[in-house]
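Let me begin by handing over the structure; questions about it come next.
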């Protein structure tokens, strides 16, 4: 958890939206929870748009 | 930068000691490695030997060894205090992270004594190689290497040169004081102009407005660095350097000196001052006190610090939030101050040197380069985009003019 | 008009170049002195802790 | 912005003992969830070093799920 | 055997690497006996036109320092690559972007705006900006194009060796010079002038239990000269940083800021340090852990102090 929170701060400073990286607790018995998580996450990401093209070009730089 | 705390007296002295050592390293490096090749080897020597190795070859290993040794002293003293000679990681708000032992102090004292002697030797060498050579003297005094502007430098309460603390004094083309200002007032006196053909801005005296690259009385252009510091002061705070200061003006026809190449001589006068000051500090018993840090307690906010880097006056201005995270920074550094003067000096020298019908030789072009080399320019600094060498220490004042904090620079 | 370029200028710290324009008679018409570099310290100091700034800005110049 | 055709790539680091079982169950139960997630099974979510997350993002993932 | 030919050049740099080379002091004479310096702008008068005139492979070893910030840096890097048998990325900036790489936290337009429009001392009502190509009455003049991103040397040319440090220590420089002149360089792709272990391994400070209740900033405490700096609550990059610097900073009671870059095997310095730092937090509850962690200011700027362009994510959006 502490690692996750520190990582979130770093990612945020690097311009990665908080919503792109999720930590969830799902037990082996919670198939429905898992499906729900993936559904929500996919929707969130569709709203945010692609990560790469917005932010960085591989070895980018020109211009 | 902006913490309400004054470093302990020991910390201040240690920072100045370290800074004096830095000046010694930098001025020696510039004079011998960057400037001397033009005089010792000659302006039109073969480029493959017109460098520090050529100089060592010509003056001999013995003198070369002395040059290397004393520059090494400057670096060693910095490393002794700051861990490393370049980019020491040592100063912090309220003081420094490591003190000086009595044993180290003695070592510094010995090195300082040796540096004083070496500085005097360097001045003698300049006299022998340059001042006794009529061709060089004529070159220094020629119109092609003359630029009439205002001058800027940091001075103490007696208007003596100080690298580390004091007020900025600006004198006009006649050497008369135009104004003297403290760090927090810099925006009232200095402004910067942008030109599309260079990434480096052009500072000028705000009061006179930007008038383009124009020299002479009434110009808004000013110069910084050794020649400017000598011109903007009334003398040196140490006795031997003061003697040479007087000799400098007696020889070159009084203040101010507008001859660009005279900066090399001025640099050596400063070298002697830095060595003498280093010795004074090394003999001050307070430098070995363990009281090296005052822990800041107040909330940081905004500060401006000014000091003299080897290459000119540094102004650093920072604003922080309540956690001490920087929210805005503005920097006018050493060489940035000299952007306009260097541009003008190069143009003047080119016009004087290159005449119709001449073959444009390498030596001729090098003589154009000599105009900027005199300024010991550092364009890395200048284009920090903005700020130059970091001050060893910067005094930060709040809006009421109270000293809020001193910040350190790490060796230039 | 003839252009002579000195690039890079040497025995100094950093980058610089000189463009000298000669007119048809071979006399110097004008000289441009350009600094080709910019690093942007003023901007990227933003966000850094003030106590770290001396260590960062010392990298403006290491000479 | 045209987002309708965009199908985000998700990398999911799933714990063998918990969420991987959950994902398996979701599959076995034929629950509907989008095909956007690529699963990497780890023996414990504690094994997921931040480096994995950074690497996934730099290699083209649009989102990363760490599930214990 | 003919003398070796060496070149040294700076991209976006501060000159500190050049000074570190000069700091081999009297050995500079030995160096000049063993090798000819055929390009070194800070000290020697060869121009780009001389460099262009050299045959390909003329230079035996090129020490390239500084980051690739603009089109000139890239152009000269490529030219030097063509003229050099061996290319060394010398110092943090060339290897991973270094301090100038912190600019990858910002956008080009914002950097320009701050420098040329918004700085309080700048007077620029006409909003003049430097432009790469300019027509003057006398003819065309140009300056390099300032890139959007800071790049590492290896992003633009092939590199044989990596020599870390900001700057590399002069002792290590001399070791590497000796290896060069005696032809004893390790296999291409190696890091040279450093050790293959963590800085903590070469640190003489006493280490006990790493359990941190509170992170502090260097000016907030009187540092104990004998105890592990991390255990004193200072954010010290020692656990993930490559050794070889001689512990200069920690020796001066200052935490390591990571200039020698990540240990071999560490893919991303910041990501690895997140793990390292989180593991030493001593909290009884998630809330307390959060509170302790939140005292680490500017974590990205601290963990990627010298290496944002060389990190996995390369820049902030």
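Letters A, B, C, D and E mark the chains as written, and numbering starts fresh at 1 in each.
Convention: a contact is a pair of C-beta atoms (placed from the backbone, for glycine too) under 8 Å apart; a residue touches a chain by one contact, two chains touch by 3 or more.
What you see is a predicted model; the values in this text were computed from it and never measured.
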Contacts common to subunit A and subunit E (chain labels): D
Two chains sharing the most contacts, counting C-beta pairs only: B-C
Farthest chain relative to subunit D (centres taken as mean CA coordinates): B
Most central chain, judged by mean C-alpha position against the global CA mean: E
Centre-to-centre distance between subunit D and subunit B (centres being mean Cα positions), rounded to whole Å: 58
Chain centre separation in whole Å, for subunit B relative to subunit A (CA means): 51
Whole-Å gap separating subunit D and subunit E, where each centre is the average of the chain's CA atoms: 35
Interchain centroid distance [CA atoms averaged], subunit B/subunit C, Å: 18
Two or more partner chains touched - positions in subunit B: 3, 29, 33-34, 37, 51, 86-89, 92-93, 197-199, 323-325, 330, 378, 380-381, 385-386
Interface hub residues of subunit E, defined as touching at least two other chains: 10, 13-16, 19-20, 42-46, 105, 111, 115, 119, 130, 136, 141, 143, 146, 166-167, 217-219, 257, 270-271, 274-275, 297-298, 301, 313-314
Shared interface positions of subunit D, touching two or more other chains: 50, 53, 57
Touching pairs - complete list by chain label: A-D, A-E, B-C, B-E, C-E, D-E
Of subunit B, residues touching subunit C in the complex: 1-3, 26, 29, 33-35, 37, 51, 86-89, 91-93, 197-200, 300, 309, 316, 318, 320, 323-331, 333-335, 339, 342-343, 346-347, 350-351, 354-358, 360, 365, 368-369, 372-373, 376-390, 407-412
Residues of subunit D that touch subunit A when the two form their complex: 1, 3, 6-8, 10, 12, 14, 17-29, 31-34, 36-37, 50, 53, 57, 60-68
Subunit C to subunit E touching residues, read off their complex: 1, 3, 6-8, 10-15, 19, 21, 29-30, 32, 34-40, 42-44, 46-49, 51-52, 55-56, 59-63
Residues of subunit E defined as touching subunit D within the complex: 266-268, 270-272, 274-275, 311-314
Subunit D-touching residues of subunit A, taken from the complex the two chains share: 3-4, 7, 10-11, 16, 19-39, 41-42, 44-52
